[in-house]
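Structures follow.
Look for chain A in each of the two complexes below; its partner is chain B in the first and chain C in the second.
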Partner chain A sequence: MTSVEPRATVSRRAPRNPSWAAFRGMLLRDFTVLDKHLPQFMAGTIMQPLMLVFVLTNVFPEIGQGIGGVGGSSRFSSLLMAGIVAQAIIFIGIFSVGSELVREFGVTGEIEDRVLAPVPVSVVALEKIVAGGLQALFGAMVVFPIAAFVPATPVFLDVRFSVLATVAPLACLTAASLGLTMGTRIKPRTASYLFGVVALPLSFLGAIFYTWPSLDPIPWLKYVLLVNPLVYVSEGFRAALVAGEPHLSLAVIYPALIGFSVLFGVIGTRGFRQRVLG
Partner chain B sequence: MSFVPASSGTTEASEPATLAEARAAGPEVAATPEHIDGADHVITVTGLTKTFGSGLVAVDRMDLSVRRGEIFGLLGPNGAGKSTTVGMLTTRVLPTAGRAVVNGIDVVGDPARAKRAIGVVSQANTLDQGLTAWENLWFHGRYFGMSASAARTAADELLERFRLTEKASVDVEALSGGMARRLMAARALMHRPAVIFLDEPTAGLDPQSRIALWEILRELHDEGQTILVTTHLMREADDHCDRLAIMDHGRILALGTPSRLKATLGSGAAVTMQAEGDLEALARHLRATTTAADVRAVDGVVRFQLPATEGVLAQVVSAADSGHFRVTDLSISEDTLETVFINLTGKDLRE
Partner chain C sequence: MKRIRRVLGVSAITVVTFVVAVVALQDDARAGCVASAPTDPSYEAELLGQVDTTTTTYRLSITRDGEPVAGALVCFDTYMRGMSAMVVSETAVEVVPGIYEISIFFEMTGPWRGDVLISEDGQPPSRLELDFDVQ
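Presenting the complex of A and B:
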């Protein structure tokens, strides 16, 4: 056996801010792993929005399939664009954070090394939210050009930067917290139902293909939809990006996004602790 | 590595009087561990209890002390409460009652600081599948606040020490079971913990990998590293542990060095005696004049059991001598921990 020199130079003392040191290390870990799987991440992020935009805004108008309602296909492309970006963010939250956590907790147990870092367990959960939020933001930036430029009919963009700069991070936080909640509550065996049972209803009832105010003819649906966090994300992006389309008031959107972030953040962190502490 | 020198490495512990009592009183009596023996304790556990929601008492009022520098074994069948004990000592299972202190830090009161004192090698492969072997070590160092360069140096050194240097850039899913276990041990040592916990470290490994892992653990032990290991393998516990706690149903039934446990709690030794002359007469003579039990003259030899008390063998030999029997050969097969376990619990070790 090779003899190894004493590691006398390595300090055993705790760093000045152990939580920050561990947080940074874990963030770097998550992005190292993301970097290794970047092609898969990109493909997973791009494929659905690309297909939706292509079929709904290129193929349908071309074959005379009635879609978009009053106002024509340009209006539809514009409102859809905001919805597509919103959906990408929520999906990354559910699949990148949620499914990944289900795997790390239940299948591989590989979260162990991070929960054994010398910091409170909630720091690890918080890092998951931040890393997931950053991934979602990155995903939104990838999807935005697709939603804005793939449609055959022009999209009426009207970027309100102050709204975009506040809605986008809040939307990403909401998505990542939702992912944390799902990832810590769902058993690996049921994870395969995530798409059908959670993601599909969430997006079809998430004001992606229609605006929330346009649901006036179906009042019961209009108000049921308010429990869906994706509605506020879609409407938030509509407020930030789209010209001349009525949307939910920002006075509702902001408190809702903050509320969902806090709610899912707390439930998720609590669930995380419970999973760790068996 | 600059480990603290072992203050009481392979010591023959002075046994608690309760061990003898435990034997006399039967299997249900738990041994009381020594609390104050002047040794430097890295782990002190008092009244530690874990009751799960189902009402299952996994660990029942456990008292335990582990000395700095020793290899301490928790030995027991599956379901005895070993893993739950390790879980509580390593902050991952919240105790229902009791107290556990590792390196002077209360694991329930200050888990974040306690984690700095512990290294964990779980039974399952919990290596980070998204990273290479080297990255698993480097990131572990980063989580513990090591600088990038310190973590790099330590990762390189540990890979070399654990004979994994050539696997440095390999994805961990490509490692064999033995390599994965070694890498987990290396990872547990990255931040130089006061004690490392290994839960069934050789489970599922081939004999060669077992030997390789124990070789490294023995080396660490020689450098003063405190090691707590759980196992259900009697032989492993006997060969490698300085002291052992035998567990079943969440309780410690006996605690001491393997040799002491065998001497105090075994059935004694099985002796085969060869002698000239009438063996039946010799057997009768031994039955009448000594404490030897189960004396039988069979197959040209006399076989009997001896209690594990010092001096009895000499007594038997001199008894044979005084009866004018010439003893030509004597072979003794010692007790195993298996016998100790059966004597304590009344049952065989469940695999």
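Presenting the complex of A and C:
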């Protein structure tokens, strides 16, 4: 009798850290989907900042209605850029994470594939935050070339790179975590209200078109707005990009952005787990 | 990575244009009246004559250590205090050494704040605040 040695059938080693491997796989999958829909994503990312910058800093000054007067238009344009960057980040966070999740939970049921991955459900939620944060960072970078070439009045930025390099990732995390919270709390049939009821008030009351300290004449509004995370994102970018203008202290901005990221991250992850397990 | 090559390509282009734009946006030539500048106590500025809602041309005296500042670029931004939306900005024209003329129409009486940016050749720009009442 002869015996035959069984041949090894496993040709690939199991990953050392399966959670990390699954996380990378999900991230790659999200960006593969993004690659397929790249023209739509680019159009959605560029259009809003382009239109805002074009109308407020090009059309208005050209027709003699520049905000801030003749020379003040330059100052307004420079102040506005920080707000536009902040708005781009928040909108991409809400729409790339939030509305995608609403669709995946309610319409396509795609999320069921994701949670079959051999990782805790919270890692799937974390991956959504990271993917959304990276897209938001991309959207923020797109605003700068628009600011350089579109306005009719000169935009001058005095970049503090250390502040920019710390505020930008925190802002992206805050936005993506907010998107996760909304995406897990909003029902598909009410998703159409996301823009009108959430995004618009956030945007107009988010210190995009004005600085937070300039609200001195309306003290009640000034302090009510502190619940809006976009205020800290706008003021953070103002601190990073515009010198010589009063803004919220960085000692307030950093803790607020970290706090909002953690708060929305926890609420969003809980909501995500409830939706998946429910 | 092949599956996301378009995303990677667009991201690379975006990073490059971001860097180019940031360099361009920091160009001092764009700064004009929006330049950030420290306050230099050796400079003094004074609006000459009465400031009211009917006059449209004013003269601004600029001195440094008591001496007239000639040949400088002088930008004058002003807004009504508590109403920061009411901003007027003008580049002044030198009429005699140390005296600069600005064309401004103040729409309302009350306390206004001026922000004077002085850029002399070979000197870093400096800012001064100037509080005055419009009669």
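One rule holds for everything that comes next: the second predicted complex is superposed on the first by the 257 of 278 C-alpha atoms of A that agree within 3 Å, B and C clash if a C-alpha of one lies under 4 Å from a C-alpha of the other, contacts with A are read in each partner's own complex, and residues count from 1 in each chain.
Everything below uses one rule, namely that a residue touches a chain if its C-beta (ideal position, glycine included) is under 8 Å from a C-beta of that chain, and two chains touch if they have at least 3 such contacts.
Nothing here was measured: the structure is a model prediction, and the numbers come from that model.
By the touch criterion defined above, A:25 reaches chain B but does not reach chain C. Touch criterion met: A:116 reaches chain B, while chain C stays clear of it. In the superposition on chain A, contact is made by A:243 with chain C only, not with chain B.
Contacts of A:159 after superposition on the shared chain: chain C is touched, whereas chain B is not.
Residue contacts after overlaying the shared chain place A:147 against chain C, while chain B stays out of touching range. In the superposition on chain A, A:108 makes contact with chain B only, not with chain C. Overlap of the chain B and chain C interfaces on chain A: residues 28, 32. Those residues of chain A whose C-beta lies close enough to touch chain C in the complex are 28, 31-32, 34-35, 38, 42, 67-76, 78, 138, 141-142, 144-145, 147-149, 154-159, 214, 216-217, 242-244. Within the complex formed with chain A, the residues of chain C that make contact are 3-7, 10-11, 14-15, 17-18, 20-22, 24-27, 30-37, 75, 77, 79, 82-85, 87-91, 127. On the side of chain B, the complex with chain A involves touching residues 1-2, 87, 90-94, 111-113, 115-116, 118, 120, 122, 124-131, 135-136, 139-140, 142-146, 150, 153-154, 157, 160-161, 163, 187, 191-192, 215-216, 219. Those residues of chain A lying in contact with chain B across their complex are 1-2, 4-12, 14-15, 18, 21-22, 24-26, 28-29, 32-33, 36-37, 108-110, 112-121, 276-278.
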